[in-house]
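The following blocks contain the structures, represented as structure tokens.
The same chain A turns up in both complexes below, where it pairs with chain B and then with chain C.
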Partner chain A sequence: MNALFLAFAYLRYHWARSSVLVAVAALILFVPAATQILLSTSERALVARGDATPLLLGSRGSQLDLTMSALYFSDERPDPVPMAEVETVWDSNLGVPIPVHTAFSSSGFRIVGTTLDYFDFRGLSPVDGRGLSILGDAVIGSEVAESLGKGVGDTLVSAPENLFDLDGVYPLEMPIVGVLPQTNTPDDSAIFVDIKTAWVIQGIGHGHEDVVTAAEVASGTAAIANAAVVQYQRITPDNIDSFHFHGSQDGFPATAVIVVPNDTRSATILKGRYLDSEGPTQLIEPAGVIQGLVDRIFRIKSLLDAVTAIIAIAAFAAIGLAVFLSYRLRAREVATAVKLGARKGMVLRLLAAETVTLLSISAGIAALGAIIVSQNAEAWVGWLLSLGS
Partner chain B sequence: MKRFALGMAVAVLAATTGLAQDRPQIATVNYPLQYFAEQLAGDAADVLFPVPEDVDPSFWRPTISDISTIQGADLILLNGAGFATWIDRVSLPRSRVVNTSVAIEDQFIVTKSITHSHGDGGEHSHEGLAAYTWLDPTLASAQAEAVATAIAGKGLVPVEDVAERLIALQADLAALDARTAEALADVGDVAIIATHPRYQYLARRYDLNITSLEWEAGAMPSDAELAELADEAAQTGATVLIWEDTPPDAGFDAVTDLGLRNVVFSPLATANGDADFIASFDAYVTALSDALQAQPGN
Partner chain C sequence: MITVKDLKFGYAGGGFRLSVPEFKLDSRERLAIVGPSGSGKTTLLNLVAGILTPKSGDIDVDGTKVSDLSDAERRRFRATHMGFVFQDFALLDYLPARQNILYPYRITPALKLDSAARDRAQALADACGIGDKMDRHPSALSQGEQQRVAICRALVTQPKLILSDEATGNLDPDSKARILDLLFEQAAEAGAAVLAVTHDHELLPRFERVLDFAQFREGAAA
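== the complex of A and B ==
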């Protein structure tokens, strides 16, 4: 007890040196623990999202791009798949196809055009407001609501995709009609609209444009705007009946189609129909793609672990050297203690108490950090996974 | 004893209410589909047709509450062929939506192409489709079959029951087709004018010569519209005017003064009072047949 008291008093007296040693040791202990927690949570989140999405239909190309854009709403832009593929799956009676259209964004968050079946499939129901009902409606994830400080009754405007606006397609103002609960999945960072609304943003569907200029917004007046000064279009009760779509819906685009097969047999039959490597479309199992990604991450993690171990050994060696040098510096102090009657064992106990105290404080700080990371891991991983590429 | 009886009554009421709430719901976009669904589902499901009686279902605009009701249905039956354009502007659960005219798309009648432009997008055109498919009972029969397949596919009614009812319904429609063909036989050369372009499938099926105006249903025609009718009658030699809905008596009189006979033939997108689809269709065909076969001046 006396040794611990004296050790603590010594460390407190040399607080600057002690603080540096504690910080270094705490970091060495915290970094591998936090990495392990975040990677494990990432693996669980990634695999869970993949496992929860049985099959994914899209244009032939990178399976990872297709998976990331359809499941994590990332910035990847796989070639669009025509809606005729959705009807083909419907006609097969082998599963439920759910198209997702993720080409557009608003305020840094991805606009996800889909059908109401998506909400049933993911078990999503607004905690505030209502679900999608009419063209232009938007339902936002919890992260979108929190980050933008928006809720039911507010509006969002789609980001213009083409600054020169050669097609005369203006951004669309969308009223927020519902807010989804937090799920710690990419759904939290999505702005959901009906896929028909996404087609309006794309210019495939349009009406007699009730366009709104910045000046009108500022002044609160409404006027018929010239196309040259248009800021965005708005769907209103007065113009909604004029909205229409050109051509057959079979040719309209989707980023990908989530396919929920009726059973294992249906899944096998469906997969067999898209085996032709020369075909324009592919049907993939996102879980397999995600597992490949996770395996790759964990191969990198092994490397990271090795690097961390080497750095930890070097750091501990540096700490050991610092302690050893401090002992050398304290040789006269130790000699004085011996002359005063302290036995060698007592001196060793004193030095050991200092080291144990240092390491204990470091371990405590590292553990506290690990607990904080652990408690927020799902939210942070969800946010990290929803970040663009 | 009284308390026991009251308790039993409450229990029975609660059970009945519970059963009613538990019954699957089928939403429809017009009366013919409502009729087919009711005939095929029997008491096993509640069939909804949420369009108010005085509103044309083609141009109905549902409220958020209406949309919510429709979204909550176990099965949503659409007519297809461009009928009820509101479905393009609302969100519906695709897994519960069935287009009943997919199998007869090759028999659709293309009406006209409308060319217009928006902003800087340049001119583009839309092809129109005649939407009142059920006025050809053979197409109605195909739609009824699609309804039956959907009801059975969703497991709302046992397959055997639906199959049995479909046979009966299709027999009714086949008999209706035969009666209509007989009633309208040999009138193909008689020119007819209709107040609205609703009767394309009826005309094609029974070889009728119908020219259409664009009058508002059930409204008194203006002088300009009557002048247009007179011109059209002079050009086509028409002797019969089909009204989509009953106009004021003065409307009948004005048309009679032009030398045409009046016939009201609702396209049955909404129900005709208490009469069912078959009885209403029969009554309208009889009225049309009588008008066509009447001697001029009678």
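== the complex of A and C ==
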């Protein structure tokens, strides 16, 4: 007890030195723990999303790009797959095809054009408002709602980009009709619209121009989400009937098609139909692709572990040296204690108490940090996985 | 209080040898030891305190043969029967004055830190004129105040013997006399004898007896 009293008094008096030692030791203990927690949570989140998506149909090319864009709404842009593929799956009666079109964004969040089947498939139901019902409607994820401070009744405007129509199409204003609950998945950071709405954004479908002008924007009568947008189109009850699409829907694009097979047999048959490596499309199992990615991440992690271990050894050696030098500086104190009759081992006990106190405080801080990381890991991992989308 | 007989001591590998045929210090007596550097004055203090052990001879302190005690017993005896005052004060920079005074209680189970000890520490500090500075660290005290803290630390355990090693060596001339008087006053009040090593001949008249140690040295300087 007395040793602890003296140790604590010494550490408190030399608070700057003690703080540095505590901070360094806490970091050494915290970083590997936090990394492990986040990686494990990432693995679970990644694998869970992959496992929850049985099959994915898309243009032949990188399976990882296809998976990342369709499941995590990332920046990867695989070649689009024609909607005719959706009809092919429907016609086979082997499963339910759910197209997703993720080529556009608004206020930094990915716009996901899809069908109502997506919400049933993911078990998503708005906590506020309603689902998609008419052209132009948008249902937003919880992270979108929180970050933008928007909710039902507000509007979003698609970012003024157009990859496929160089003639230029005005961005689309979309009323928010529903907000989804937090799921700690990429759905939290997505703006869901009907796939037809995505095609309107793309310029494939359009109505009689009812463009909100710069003057309206300047006068403040128009809500706007992007400062770069000076004119955009709006779908209203008056003009909705005028919206139409040119050409056959079979040729319209989707980023990918999630396929939910009726059963294992159906899945096997479907997979067999897309085995031709010369074919324009591929049917993949996202779980396998994600597992490959996770394996790669963990191979890198083992390297990181080795680096962390080396740094930890070096840092602890530095701490040990600092403590040793500190003890040397206290030789007079030790001599005084001996002269005053300190019991044998008292000096060692005192020095051990200081070291243990330092490490205990460091371990406490590291544990507290690890608990905070652990409690927020799912949300943070969800946010990390949605970065770049 | 102290009886030394036929004491012989030498450092291992060194030429220094100390031989004290006979030496006595009575209870409550104030004795100054003088002599040239290296004559063995501090060595005698360390032998009496049991920090060093003699090659031969007897050292009796307050009826206990210190030279016959084991290391652990000598430590315990030192903590309970002796108080030390050093030239450099030997205060701990990280403890306030109050905790410096109570430091002996923190380093040995032979002493029990209770409310009586705390009250004694405060009373000693009041008597030494530093009662209102008990929460200050040594860096916030003058040299004279630091030595007063050291005197309180030496007396707080109610020892019967105070060993003073150049206790006034670092003080200015005015403070030297005041601090020494304070030490004597407090030691007298506690009924303790004082064995003091000093180089300061101006202070010798304040002691009851002076012992020139040059006579006991037998070899090279230690």
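The rule is simple: the second predicted complex is superposed on the first by the 368 of 389 C-alpha atoms of A that agree within 3 Å, B and C clash if a C-alpha of one lies under 4 Å from a C-alpha of the other, contacts with A are read in each partner's own complex, and residues count from 1 in each chain.
Operating definition for what follows: contacts are C-beta pairs under 8 Å (C-beta built on N, C-alpha and C of every residue); 3 or more make two chains touch, one makes a residue touch a chain.
Being a predicted model, the structure only gives us computed values, none of them experimental.
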Partner chain(s) touched by A:Asp117 [first = chain B, second = chain C, both, neither]: first
Partner chain in contact with A:Thr336 - chain B first, chain C second, else both or neither: second
Contacts of A:Gly203 with chain B and chain C, given as first, second, both or neither: first
Broader residue contact with chain A after superposition on the shared chain, chain B or chain C: B
First, second, both or neither for A:Glu278, with chain B first and chain C second: neither
First, second, both or neither for A:Lys344, with chain B first and chain C second: second
Chain A contact footprint on chain B (complex, rising order): 61, 64, 67-68, 71, 85, 88-95, 118-121, 124, 126, 153
Residue numbers on chain C that touch chain A, as the complex places them: 49, 51, 71-72, 75-80, 82, 84, 86, 88, 90, 92-95, 99, 103-110, 113, 137
Of chain A, residues touching chain B in the complex: 90, 93, 96, 98, 115-117, 120, 130-135, 137, 167-170, 194, 196, 203, 205-209, 227, 230, 240-241, 243-246
Residues of chain A touching chain C in the complex: 2, 5-6, 9-10, 12-14, 332-333, 335-344, 346, 350
